[in-house]
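One chain, subunit A, appears in both complexes that follow, with subunit B as partner in the first and subunit C in the second.
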Partner chain A sequence: MNINFKNILIALIEKEFKSYLRSINNFMNMIVFMIAIIILFPLTVGPSEEKLTLVSNAIVWIALIVSIIPTLDKIYISDFKNGWLEQYYYSPLLLEIIILIKCFVFWFFLIIPLTIFIPIFSILLNIPFLIIFWNIIIFAIGSLGFCLIGSICSSLTLGTKSNNLISPLLILPLAIPIFIFGNGVVEAVKSNYDPLPNLYLLITVCLILLIISPLISAYSIKIALTK
Partner chain B sequence: MINYLANPNRFLNFIKPIEFSIGVFSFLFIFIGLYLSLFNSPEDYQQGDTVRIMYIHVPFAWFASFLYFSISIASIFFLIWKHPFADIIARSIAPLGLIFSILTILTGSLWGKPMWGTWWVWDARLTSMLILCIFYFAYIGISNAFPRKIDGSKPAAILAIVGMINLPIIKFSVDWWNTLHQPASIIRFDGPSINQEMLIPLVIMLLGFLFMSIFIILINIKTNLICKKYQSEILKLG
Partner chain C sequence: MKSRLKDNMILKNISLTRGLKTIFSNLNIEFLCPGLNIIKGENGSGKTSLLMMISTLLLEDRGTIIRLGKLKKNDWLNEHILIKQNSSLSDELTIEENLKIWCGLRGWDFNTDKIEKSLKNFGILKYKNFLVSECSSGIKKKAELSKLNFDESFKLKCWLLDEPLNHLDENGKLFLKKIMDKFINMNGTILQTSHEKKINHKNFKIIKL
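So, the complex of A and B:
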């Protein structure tokens, strides 16, 4: 049987993109949530500049992570309910490859646009330009790993009664290496050290996740489908 | 041996005569160990009497991580051979491990307040122990999150195996990073560096905790087996 894989891939990416475009509400929710956190922090910490410069970078990171987590565990849930996942399972393509494509599309169309907001928030919080530049790079790399972790967690919680409570518990412990090395890069830049070793470690973590996550997610999706 | 005991009925028959004696052993060992550690062991030259928290803190910490290891082993058995009894064992271990990890953190912070001056530091060892606690919570959460309880077994088993990467991090965190927590003093390449008079009560306490956790896990396994039988009886009726 001759299958045109290129057409299938393009159709898949197009379908995913359209589904994200139609649920633009999720994206707007994320942005509103981020803005709320960014505004709340200076009000609760106090507007003095010395205090804010200590935590300003952390505030941007917390705003990004906390706003991503609620959407992260819903990568597969609508496809699972519609029956799309079953069709993927029976299609000639490997389920792992489809999962990888889904994660990439999620990352590219839903997470990467958030990088526009990093400079805006950073300027509001008086973060220097060099650190803004590194923040964008770390976020672009680290969020891919974050999406892959989210893929593991959302596939594990398919078909639960309420997956809202468990998902943060699953995501946070697995994502800790990303936070540690990402913070290592920023700290190195702040104190004029070489940030590259930490950046390489961050990339390593993401590459390992790139290999492991599709395998685990595919296995747990198969389990969820055979229930 | 494992094949023989994998049948729940044979397992129940096997543990029936030894179960009571395991309970007696655990009580005896913990009683003697507590007496030795509280009244018959030397004070530390720096820490004074607060060192005695160590005699329960170390067994709690060791068994918190060891029980997680056994959960993951049982999960591997469950995923490969799909034997439901391995799942029951893993489920029965989880609550005990959760309690042990919480008690590790509690006793550690009770010791840390007079010694380090803080209840908590974001140290590598302490943080990895907290993550172990979160993994226990996640394991129990996900294994009970499904409308049918059996559906949660496989996702929980996958989670247990994924969480196994945390165990070497806990063990070697004191060697890899500069931590406030003291480095390993019992399991080392050049033999234990702890004083003999302190080591003996600690080993007795560890034995007591081993028997106690086996005893409690056996009770949990029996309870879970009864629950499962009850549910299958209901299914037959309905």
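So, the complex of A and C:
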């Protein structure tokens, strides 16, 4: 039988796109959560500009990460419940490649639009333009790493009943290298050092995740499906 | 097509446990290939588990399964369809979108005419733009069974159908029988679980668990 791999790719991207489009309230939840953190944080720190300048970059990062983490463990859960993961398993395309495409689509449709909000929030918190520029680059690269980590954790917790508790515990330690190198770039820019070494390290971490995440995720999904 | 006549499907000394429960121990079955195999048994006797095991969604603890002439696992995945008892359609998508994407994921063509023809045969063409979450169980079941009515589905070697008659009306049952007969005439093998007493097919084998 003729198998058209182009059809598989089109079908997969179409399915993911339409699913995200029809569950847009997830995206709105993320934004509302982010706005809440950005507004509440300066109120608790107090009206001192010095204090705020010191922590403003951290506030943006925490707001972004905290709003993303609850969605990361849901990459596969709905597909698992309504049987689509089984259809991926039956597909002639390797499950690893399907997972990679799913992660890219998740990143592109759900996470990348959030970067639009970085300049808006950064201006509100009086962050310099140069830092805003680097923040956007780091977040775009680092968030792909978060998605790939999310894919591992989401697939590992598929069969468990209390995955809401386990996923953040799994995601946070794995995400530490991204935090360290991402923050290293911003610190280097602030201190007028070369930010590129830290950026390269961040890219390296993401590339390593790009290789290991689909392999681990596919293996865990197969276990979850066949147990 | 002729090579299918030599195919056979045999379970030898199969044991399967799920959790602490033993579902089968030393199960031996030889299925009718090509032909219709109706698997009967009480609730909890392991009919669905048997189909899932044959489909490789459950792994047997012991024993050997010969799936139509020892096809490789990857070949086997592309040579059969499993229609489960519960709907495996995405609630956020319409019936047409679900079927289109399902065909696409299999690497088949997914043009609208093909989907519409299949839905029309089952009498649910007017529901094609309905979200699955808005449809009744019967329509969902018919949409699910429409997957069997594509040209590519008839070229496969095996259909695994888990209680396909549930929620179906008389017209749905008649059309399902028609396509099942057509598939068997094309040397296909069907493994179907069922609680129905009356069987309208000519050539079949009943397997009791």
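Quick note on the criterion: the second predicted complex is superposed on the first by the 226 of 227 C-alpha atoms of A that agree within 3 Å, B and C clash if a C-alpha of one lies under 4 Å from a C-alpha of the other, contacts with A are read in each partner's own complex, and residues count from 1 in each chain.
Criterion: contacts are C-beta pairs under 8 Å (C-beta built on N, C-alpha and C of every residue); 3 or more make two chains touch, one makes a residue touch a chain.
Nothing here was measured: the structure is a model prediction, and the numbers come from that model.
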Discussion item. Based on the shared subunit A superposition, would you classify subunit B and subunit C as clashing or fitting together?
Written reply: fit
Discussion item. Taking the superposition on A as described, I'd like to know which of subunit B and subunit C A:Q87 touches: first, second, both or neither.
Written reply: second
Item to complete: For A:S220, select first, second, both or neither according to whether it touches subunit B, subunit C, the two together, or no partner.
Response: first
Worksheet item: Taking the superposition as given, does A:I152 touch the first partner, subunit B, the second, subunit C, both, or neither?
Response: first
Item to complete: Could you look at A:N29 and tell me whether it touches subunit B, subunit C, both or neither (first, second, both, neither)?
Response: neither
Worksheet item: Touching A:L170 in the superposition: subunit B (first), subunit C (second), both, neither?
Response: first
Worksheet item: Looking at subunit A, does subunit C or subunit B touch more of its residues?
Response: C
Item to complete: Measure off the angle at the C-alpha centre of subunit A toward the C-alpha centres of subunit B and subunit C in the combined model, and quote it in steps of 10°.
Response: 90
Response to the item:
Shortest distance over all C-alpha pairs of subunit B and subunit C after overlay on A, integer Å, is 5
Worksheet item: Which parts of subunit A are touched by subunit B and by subunit C alike?
Response: none
Worksheet entry | List of subunit A residues in touch with subunit B within their complex | 152, 156-157, 159-163, 165-166, 169-170, 172-174, 176, 216, 219-220, 223-224, 227
Worksheet, complete the sentence: Within the complex, subunit A is touched by subunit C residues 56-59, 74, 77-78, 82, 84, 86-93, 97, 100-110, 152, 155-156
Response to the item:
Per the touch rule above, subunit A residues touching subunit C in the complex are 1-5, 7-8, 10-12, 14-15, 18-19, 22-23, 78, 82-84, 86-93, 225-226
Worksheet entry | Sites on subunit B touched by subunit A in the complex | 131, 134-135, 137-138, 141-142, 145-148, 151, 154-155, 158-159, 162-163, 166
